[in-house]
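So, here's a batch of structures to check.
Shared between the two complexes below is chain A, which has chain B as its partner in the first and chain C in the second.
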Partner chain A sequence: MALTEHKKPEQPDSGILVVNQSRPTKVNCWSCGAMRAAHFCQECGKVQPPTPVDYFTFFGLPFRLNLEPEKLEGEFYALSRHLHPDINAINSDREQQWSLEKSSQLNDAYRTLKDPITRTEYLLRLQGVQLEEQSKAATEEARRTGKIKKQVVPPDLLEQVFELNMQLEEMRMNKKMGEPDRTLERELQDSRKQLQDKYNGLLQELQAAWNQWDGLIDRAEQGGSVLEEDRIAVRDTMVDVLNRRSYLSNLLRDIDEVLES
Partner chain B sequence: MAYSTKVLDHYSNPRNVGSLDKNSAEVGTGLVGAPECGDVMKLQIKVNPATNIIEDAKFKTFGCGSAIASSSLATEWVKGKTVDEALTIRNTDIVKELSLPPVKIHCSVLAEDAIRAAIGDWKKKNGQHSQPQAQPVEQRA
Partner chain C sequence: MPNERIVGIDLGTTNSLVAYMEGDRPVVIPGEDGLNLVPSVVALDENGQIVVGSAARKYLMETPERAVYSVKRLMGRGVEDVQVELRLFPFRLADDLAAGEVLRIKLGDKTFTPPEISAFILRQLKRNAERYFAAPVTKAVITVPAYFNDAQRQATKDAGRIAGLEVLRLVNEPTAASLAYGLDKKNAETVAVYDLGGGTFDISILKLHEGIFEVIATNGDTHLGGDDVDNLLITIALHDIQGDLAVDVRRNAEIVQAIRKAVIDAKIALSSDEKTSLDVELPGGKRYQREITRAQFEQLIQPVIDRTIGPVRQAMKDAGLTPKQINEAVLVGGSTRIPRVRQLVQELFERTPHSGLNPDEVVALGAAIQAHILAGGSEATKEMLLLDVTPLSLGIESLGGGVVKIIHRNSTIPASATEHFTTGVEGQTNVAVHVVQGERELASDCRSLARFDLKGIPPMPAGLPRIEVKFLIDANGILHVSARELRSGKEAEIQVQPSYGLTDEQVENMILDSFDNAEEDFRRRQVIEARNEAETMLTALEKGRKNPAWPQLSSQERSNIGKFETALRAVVKADDYQAIRTAIDVLNQGTMHLAELMMESAVGTALKGQNMDTADVGEGPESPHPIAQAEIER
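Our next item is the complex of A and B:
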């Protein structure tokens, strides 16, 4: 029910936007007994045992999608330095082991949160969305109802993807035969521009959705109530944008590959 | 990951690649995509209006080897079947026939979706509902 059903993502959360509930409660330092910070004791500085937390919590961040990359990077380097094996060489085996485990947790967390797209995907997964399963779920729905399966992207986008793939195939052939078709080449360049614009538009849509999402988080953190419909609506907008984005980014990549070959 | 020999066979020698006239009333077209990998598949069927038998099928797939093999196999399987029989083809049948590994299951799902979409398009053109028909009450002898 919390935002961070990290261990059981197959269970869709029941959707209450409770932000703090899933945070690990503060525990005392295993060594000196003082209240500890997330990774190192504030009093004696000892590394603390790893806990299975989500990546936002690992960095002590709220579940907001807008974040400052410099800050995240700074935090990453500071933590890596502290967890470095050379620094921990004089510590007990147990502490060395913890440092090692935390280091790898840190790397995963940083890699995931650093990139805006993987960060969004990750948050959606925490929200119980399984991006890989949507298509299968829609197929099952279609079987059950006997209706045509609802594609996760609009039909005209699929149409465009198909047509462009046809052109790319032709272009590849031409190039292989050593007679590139200039008209086709120009068409592809035009399409590329259009697609790039579309792509940029999608990123703006995504940014808008992020802002909405963060607004909900802020409201919840200030103790305000958040409507379930609002949460679902923003979430689904993000899923939709990401689906369309993945087609476009593949196309852009393929066009570049063909034009530059 | 090694492809099974059946996949390789369909991949290097795909059956029924091409297209049918999508404006013909006898032709149904299904265009589907897998958001996971961005692949797209088009499958078309030509149905005999008198018998509802699928007389021809063509496909064109931009995707991985398993998707190409799945759609190639799908066109082979639907040919000669009635529309309703074709609707019973499941992606699991394709997985079995081609020995697809778990990571390639979505490729076979794409083929099932494509069959369903093509049939749906044909039904729409011919004024049939794509809802499942109520099972006729069996006549007792």
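Our next item is the complex of A and C:
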């Protein structure tokens, strides 16, 4: 039976997600009726039924990319103390089920947001960008046609990558024959260092894009207007940085594999 | 205080334990023999009864074909995964195993699946706890190796159900151990738990923070432990015996077991002594004798213990930590008593490892703490919460046999992922999904967890249906799947075929079987006990006839006793409990007067200076039949 990945339909490219329209809603606790119940009831501590929300909203955060890791961690621990299945182990079946779903939501959200890269990717996905899908589709296409998956080499790396691939190939052969070439190894280590510097530079570029993005969010929060082209420009910058980062990170991994083998 | 007793169980490869929280401290519950450890050995005795623990060890030595050990190695595994185990361990698989069937192991003339054999061990632990509390125990937390996959976890949960236990949580062994260690810890620190047991190895890196035990990374090998050290030494011994003494005893199961016992004793001795000797009697009056020094032993086992290095390095890498950043390295599992293992841990973490608690008991103690937390906890555990991770990545087979990872290893559990599927052919109503667990790129290199058939998709053009499948790993590390067709809003039906597990129906049947057997066991025990009682009575009666009291009975009384005796002898060999019971009671009545007369004469003897206790026997309401006293009097 054929199994194909489903491509998500194009989402309309609207700017609505810039605006944080999703403060945690206050609802009545199903158990004691008190107000102020988003994840658990502030009055009686009971876990509340799960609702489908994005990860930023789950933590009650605006869609900002700069966030304090310690604060996020603290919030994660505090919520875990109420939502985790161990806390609800002797409660009703219904509460146990909610606890399971809510704590998985919590863990998924924390895992995604605590890492700067996955956080950025997630935000871009909320903005309608299909990072993984592009890569997945390319992989599937490559498999089907038998061609090697095309990776777009960032232009500034073209020359270096060409040479590096040759060196890696030579190094692999040497290792296979059991004749390590010290000179080649040193050259590879030098290349690795250069690439690592480029990689770190990319992270700085990303940080700059984050700041721009957060500026737009802040403006929207304060009731200011955000130009559609500004939003798209920052978004596309981030997509570009992430694509280059992913390419570099694969390259670094390949070098490490060869050097460590 | 929690009102329900939930016990913590360490279901180990070599030994199993049950513990619970007594006040603020976890304690291990001893068995009837007074020992905390129940050897994970199960045997089928001559009467078809299951024997567990120390009692089963005798069968392992004398009739190895009726006994099994280290069954944990087979949990949740298919016949094709256990080929190595079959070469190294005396597991006897059922002859009629069909392809894809859950393994069945022969014990004498019966066969059992690994979860059933584990259930026998669990039932023994349950009984030990029930005897200790004098109350039923129905709920438990059971520990599993952190690196156990979904099938191995499911098999452990099934074993609990078969044993009549509701398994509230499966806890990872190193994590449980950290709970026991961290009970009094209030400072934030990073801990590495190195757990080398009888058959499994785990490494877990945890962050302790205000009572939260957060696992950052875990790794391991579910087929690496003390067993492997034993097997190595056994292989060497067998080789020696064949070479030096020209005897091939590899097919002689009893001798192999004798060698196994000798090498285990030697291994243990070498943890404290610098040298020890092996001495095993062989057929034909020959002996295998060999001296072994600790240095030789360490050299031999180095390759085995070196296999723990890779997982440790990977876990450190995944955690993003260097040895310097680890505050403490904790030793768990009996195999960490080996000095060379301790030295290795010291080298890996650049610090002296910590082993304050008994490495055999610490996991069970931690399980008891976790059980207490689940039951509602108390002041001592109020702040404690475990946040564990899934040890292996979860993926879906894609076109071409690749794997698309949807939940990565070391993700905090519960964890979930949602994937969308569609059809590739017009009017297609089924979609097959293959779920795998593992880190490799190709699905065929990963562990197959299950194949799902998404059925009942409304016929639509290819690519139009949108089936949303939600994968959720629960706090036990077990996968749940649900699916929905989004366009029609219809819940898609999922048919789950676990690749290596028992179906719910099979587990149900096994539970019933064990209940049936429990009744059958009880009935048989009743008959045996009644029969023993009858034999004792008949022996006593023979002695009573020689007693000076006998002639004092009337001839009618003597003739009646003779009649009742014949009646009892007639039924004593039968399997009818009621018949034996009635005959005993009748004879009991008939000999009442005789007993009284004998009692008087005994009291008379006692007054002449004999022990009064002897004469007392038979007087109390709970006493054995009065006539039994005659036997004691002599």
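We adopt the following convention: the second predicted complex is superposed on the first by the 207 of 261 C-alpha atoms of A that agree within 3 Å, B and C clash if a C-alpha of one lies under 4 Å from a C-alpha of the other, contacts with A are read in each partner's own complex, and residues count from 1 in each chain.
We take it that a contact is a pair of C-beta atoms (placed from the backbone, for glycine too) under 8 Å apart; a residue touches a chain by one contact, two chains touch by 3 or more.
Computed from a prediction, not measured in an experiment: that's the story for all the values here.
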State whether A:N243 touches chain B only (first), chain C only (second), both chains, or neither. first
Which partner chains sit in contact with A:H84 here, chain B, chain C, both or neither? Use first/second/both/neither. second
If you stack the two complexes on chain A, which partner ends up touching A:Q105: first (chain B), second (chain C), both, or neither? second
I'd like to know which partner A:Q167 touches here: chain B for first, chain C for second, both or neither. neither
With both complexes overlaid on chain A, does A:L158 touch chain B (first), chain C (second), both or neither? first
Chain A residues contacted in one complex by chain B, in the other by chain C: 136, 139
With touch defined as at the start, can you tell me which chain B residues reach chain A in the complex? 31-38, 40, 42, 60, 62, 91, 106, 109, 112-113, 116-117, 120-121, 130-132
Show me the residue ranges of chain A that touch chain C in the complex, using the header's touch definition. 1-6, 8, 77, 80-81, 84-87, 89-90, 100-101, 103-105, 107-108, 110-111, 136, 139-140, 143-144
Where on chain C is chain A touching in the complex? 2, 4, 168-169, 209-210, 212, 370, 373-376, 385-387, 397-400, 402, 404, 411-417, 420-425, 428, 430-434, 463, 466-467, 472-475
Residue ranges of chain A in contact with chain B within the complex: 131-132, 134-136, 139, 142, 145-149, 151-153, 155, 158-159, 161-162, 165-166, 169, 243, 246-247, 249-251
